[in-house]
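Next come two complexes, and both contain chain A; in the first it sits with chain B, in the second with chain C.
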Partner chain A sequence: MKNKNLWKKVKRFRSIYILLIPVIAYFVVFSYYPLILGIVKSFQKVKLLGNSEFVGIDNYVTVFTGSQYHQAFVNSLIVGGGTFIFQFFWGLIIALVLNEIRNKIARSSFQTVTFIPYLLSWSVVGGLWITILSPTGMINGFLQLFQGSSFTPAAFMAEEKYARFIMIFTGAWKGAGYFAALFMASIVSIDTSLYEAARIDGATRIQQIRYITIPVIVPTMKVVAVLSVMGILRNFDQIFVMMNATISDKVKNLLYLIYEQGILKFNVGEATAAATLVLVATLLITQVVRKLLHYDQIYE
Partner chain B sequence: MQKRWLAAGMAGVMAAGVLAGCGGSTSQATTSAAGTSSSSSTTKIAETTKGTAKASGSVKILSNVTGGKDDEEMALFEKALSEATGLDVTIDKPASDYDKVLMQKLGAGSDYDLVYVTASQYASLVDQGALLDITSYVNNSDILTNNIDPQEWKDITIDGKVYAGFNKKEVHRAVHINNTLLKKAGVDYKTVEPTFDGYYNMLKALKDSSDDPEFYPLDEVMSQAWDLQPFFAAVGAKEGVVIDDNGKKYAPYAEDSAAPVWEWFKKLYDDGLLDPGSFVDKTKDMRAKMEASSQKTAVTADWAAWVGLHNSNAQAAGLTTDDYEIVSLPGLQTPDGTYMLGKGAASLFAVPANAKNVDGAIKVLEYFATQEGGNLLSSGIEGYDYTGTEGNYTQTEIGKKHGNDHGAPFPIYKDYKPLFPYATGIEEAMSYAKYAAIDTIIPNESDFKEIVGKWGIRIIKGEVFTTEGLQSMRDELVERGVTER
Partner chain C sequence: MKRSKLSNNLRGGWAVLFVVLAVITAVIMFLPMWNVIVVGTSSTLDSGSSGLKLWWHEFSLEGFEYVFEVTKLARPFLNSLFVTTVGTVIQVFLAALAGYVLIQKELPFRNAISSFIMLTMMIPGDLTLISVYQLNKQLNLLNSYTGLILNGLISGFSIMMMRNYFQTVPYTLEEAARIDGSGEMGIFVKIYMPISLPGLATVFFMEYVARWNSIMLPATLVTDESLYTLPVMLKAMIMSTESTSGAQVAPNNAIMAAIIITTIPLLLIYIFAQKFLLNGISMGAVKE
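For the complex of A and B:
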């Protein structure tokens, strides 16, 4: 009886189901098929040409026992997590500041300036910061102004102690404008009568932000947070462009290691095993963040 | 609950991209594997056809550097190569990310007859059984055996087998010196003693004669330990990995006997003679500092060909040799009184295991090893890059821009005679070829560079004691499987 009802429903909404076919086909072909294929390969010793050998969980054992992977995982979490947190609050501050600027030209100029880095590729942004931080770059130039002739230029990009901070800072600098745009979209939708009422009640600007603006954009902040943590372990371009051997211990992350194993060394089995674990870790982190943020309450 | 599944599904879709980058096509790989053993140690062996006279049909090449510089010239290059070999040659030259494209194409079972590979990739692909053993073809080809130095074949022989032919003759690296600045410092480069002290004094003189606070006499690509061979020669240490008497791999740069060289670099750094940028510079940065328009450094170690490129670029900009001139030296002397220079690991055209036209592929390799093939690979296409008649050729403006490089500035043919004279300084730099040797081909070359560069920089900066740094370097090389002791 149940099946009959289901079939009836399918028949009734067949036009909608037909419309869904291309979408489903897209995800099957371009997302789930590669995903399943990748998982299958993670259990094989893959040859580029020839039959791959089934090796059980050997690739996973290699990944779990490899000190390089451990270090890369730690680096991914620190740099990825740090970038996310820094970028989140930086973006929020930009959005709040933008909301306070009354002059339209000044506001759009400021927003454009903060958003432009997001539009540039890491090749450009990475090259820019490498130059700024080089021994003959702008930062050393400023330091020389203060320290005079006794100054010895520093190669910041070759200093382990600065490496993670540089990656976090430059990552946040690039993406803060984007987060600000998302927060702004939410802020501009706030009913202005709320602010008027608050002003009549004697609320200061800080109080208006504290009790009106921020509470209203909390759902947006949650969405941004959940979407962003999905990318914590997936930062590749920045590390590819900005890493060098001197700082590799501190910043080489899982995706870069996967690239090295899979692309440079043709060790596809091990690379896909590591990639599968990145997927699992991403799912776990996302679920934890969802729980912590009570994400589901947004829709309740 | 549905929302959670939806979110989990979304995360899965996003992460699929990570896996998609590493996955190939199982079915295609399986199909293409016909005739290939499943064992990693065995490879498909090509049936020799006693020469390539019967070669015909089409040949498909995946190239990184060889061919035309743009679509127009690539079409002309394909046409010229096709006419010369009697084959229908097509060349795919990805605009970027060659390593990635190579892996994806091979993984997808694309039927190329020749693929461009570096020595490190060559070793990895042989290990995977992805290449065809063409030893018998090579042995049966008069051109391949007679026109190429036998040492070149030895260098790419793995377990007695050859899986590729040559793209070009690899040249060596030497010490490059800005002679104009050196003259200003009152030093004749021919009188520089090939010792630590001799080179130190030269660098000190260069530094003292410059008013530019951003000028550092020596620049290297330290993060990749490139190229330090002319200096490590002082202790007789060979670059890369060497096999000891017990058959174990080790890295001479990481041995305690190499400590004096690392300490010498530290002294240079402490005394402001080694550019701090060396720790992060890539080769392009190093070359930019060396070029006429910059001159932020005066001594580097680079490919012999770059002596000529620096000089010809300066001459093209209207400078004379009094304004700017790069000369070369073979570096520090070994304890035996000779020199040691690094030679480029071979860049090769390998025959994939699924190649359809092996005869055609061999014919192309043969053509590359002739005078005519060398002309095409270096000077380019007659009528486009150069015009005239034999013995009286003139380069076109396009040809001049292409700098006698269409994949092989120095063709593999051992008796090759260039159509146009080499740029100023090349002859001298090339005269040091007798001191050069290639490194052992290893699949994890990138690990070697990273580890040696990282610990070397820590020693130079004084972050670790030399012995401690070298011990850590050795430990990490062993841990990552680069060396065995």
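For the complex of A and C:
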């Protein structure tokens, strides 16, 4: 009886199921299959000719003991973590400043100019900063202005000592407006009468910011933190565009190394093992951060 | 009237600090973009000389001539436009369809389908890149428009966004249509789609920007220069200036011109669809 009912329902929704087929098929082929294929390959030695052979955890051992993976992990953490911290505080400053601008035109210009970089491709942002940091670029132009005739232009992109800072700074430059937009989304939900009431009670504007605006953004800060932690180990585009041979020791990160090994050098087993580890690490770190921030309480 | 407004502003040292922060941020954000515009419309000679270039020494479109005649940027531009537009339109359509399925309360196996889709959001595309490359090789999709469109055609994220929009449609509307004799597809097309137009627009513009900017997939799937998308071409231009191989080096004004061309569609979207973009961005963060 029950089965018959179910069958009837299934029949009634028949057209919907048929329409759903492409969606399901897509996910099977382009999401689940690559995931499983990657895990399988990570236990294999892939040969250009003939069948792949099963090698157990050999690839994982190679990744764990390989110094290039250690270096890439350190680079990912420093550049990724640094970018997050810089971007977080810059975004917060932008949002707070934005909320204090009363002039409509000034306000929307400020928001536009800080948000535009987020919309751009890393090809654009990378190309822009590589040119600006080049010997004939804008930064050297400014230095020349201050130093006068004794000036010799620097090739900033070719110096190891600047490399990580450049990646962190340009990452924050691109993303600060995005964080600010997220913070603004909660700031605009504040009832303006709250500020008014605080003012009547004698609170100064900075006290209102401290005790009204900032507490409202705290849940968004947690969301932003969780989102960013997931992305820290997975920054490909920026390094792909901005890295060059002279600075690769300082900035080549895990995702780029995986790409290099798997796509350019055909070390498929090793690369998929590393990718699987990054996937697991990302999930673990995210869980830890969620717990630390009591994240799941936000949307209860 | 003005005074009462002003009295709730920052004062003293704090006001100075905020103004300073605002000015520094605005300058750091704006100057690089301004520099792009000036250098991109300067002569090749000027753009390659040292010194500050924040105003035109001589206005010139040499950079644009270079990117169209030497780099042949028209092709990548059209490639990007085609791949992005087709991919995004299909994505929005399928996301709406799947989102609608997920709000059918009586649909058998709804929860299973929903989990199946949600789980794909946990699979990061950048980490399965190598297998995705091999999959495309197996399917003969490398170096093809089909491959560029097909990869990333549907995302769990846009499906969830559409579902959330559909959930806000009052059930009574659906019921009324049902009484009038509309079938499932009729209800979907006549009731849900029109009400959820802002949702469709949000998904469309979010996806359009993401696809337009994507580098990793096209750079992996395409080696044939005639199929390069704009970001891949731009990256190749930037790289050639660093190589010492003697390959044709693009002058600064040409690179900046290419940057301007790549950016224009995004600026148009920002100007005309800002509301949807900002909306989608905050929704995306909250739903995560």
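The rule is short, and it goes like this: the second predicted complex is superposed on the first by the 263 of 300 C-alpha atoms of A that agree within 3 Å, B and C clash if a C-alpha of one lies under 4 Å from a C-alpha of the other, contacts with A are read in each partner's own complex, and residues count from 1 in each chain.
Everything that follows uses one rule, which is that contacts are C-beta pairs under 8 Å (C-beta built on N, C-alpha and C of every residue); 3 or more make two chains touch, one makes a residue touch a chain.
In this text the structure is predicted, and so the values were computed from the model without any measurement.
For the composite obtained by overlaying on chain A, chain B and chain C cannot both be accommodated without a clash. With both structures placed on the common chain, the touch criterion links A:258 to chain B and to chain C. Touch criterion not met for A:214: it reaches neither chain B nor chain C. In the superposition on chain A, A:52 makes contact with chain B only, while chain C stays out of contact range. Within the superposed three-chain model, A:120 lies in touch with chain C and out of touch with chain B [touch as defined at top]. Judged by the touch definition given at the top, the superposed model places A:204 against chain C, while chain B stays out of reach.
Between chain B and chain C, more residues of chain A are touched by C.
In the superposed model, A:248 lies in contact with chain B only, and not with chain C. Once chain A of one complex is fitted onto chain A of the other, the partner contacts of A:286 are limited to chain B, with no touch recorded for chain C.
In the superposition on chain A, A:190 contacts neither chain B nor chain C. Of the two partner chains placed by the overlay, only chain C lies in contact with A:142; chain B stays clear of it.
Of the stretches 19-27, 181-189 or 217-225 listed for chain C, only 217-225 runs into chain B once the two complexes are overlaid on chain A.
Common to the chain B-facing and chain C-facing surfaces of chain A are residues 27, 30-32, 34-35, 37-38, 41, 130, 134-136, 153, 226, 234, 244, 255, 258-259, 262-263, 268, 271-272, 275-276, 278-279, 282-283, 299.
Those residues of chain A whose C-beta lies close enough to touch chain C in the complex are 6, 9-10, 13, 15-16, 19-20, 22-24, 26-27, 29-35, 37-38, 41, 90, 93-94, 96-97, 100-102, 110, 112-117, 119-124, 126-132, 134-136, 138, 140-142, 144-145, 153, 173, 176-178, 181-182, 185, 195-196, 199, 204-206, 208, 220, 223-224, 226-227, 234, 236-237, 240-241, 244, 255, 258-259, 262-263, 268, 271-272, 275-276, 278-279, 282-283, 299. For chain A in complex with chain B, the residues that touch the partner chain are 27, 30-32, 34-35, 37-41, 45-53, 67-68, 130, 134-136, 153-155, 157-158, 226, 230-231, 234, 244-246, 248-249, 255, 258-260, 262-266, 268, 271-272, 275-276, 278-279, 282-283, 286-287, 290, 296, 299. The residues of chain C lying in touch with chain A in their complex are 5, 7-11, 14, 18, 21-22, 25-26, 28-33, 35-36, 39, 48-54, 94, 97-98, 101, 104, 106-108, 113, 116-117, 120, 122-124, 126-135, 150-154, 156, 159, 183-185, 209, 212-216, 219-220, 230-232, 234-235, 237-238, 241-242, 252, 255-256, 258-259, 262-263, 266-267, 269-270, 277-278, 281-282, 285-286, 288.
Interface residues of chain B facing chain A in the complex, by the touch rule stated above, are 3-4, 7-8, 11-16, 18-26, 29-30, 32-33, 36-38, 40, 99-100, 103, 106-107, 109, 121, 124-125, 128-130, 214, 223-224, 275-277, 279-280, 296, 352-354, 443-444, 446, 449-451, 453-454, 457-458, 461, 479-480.
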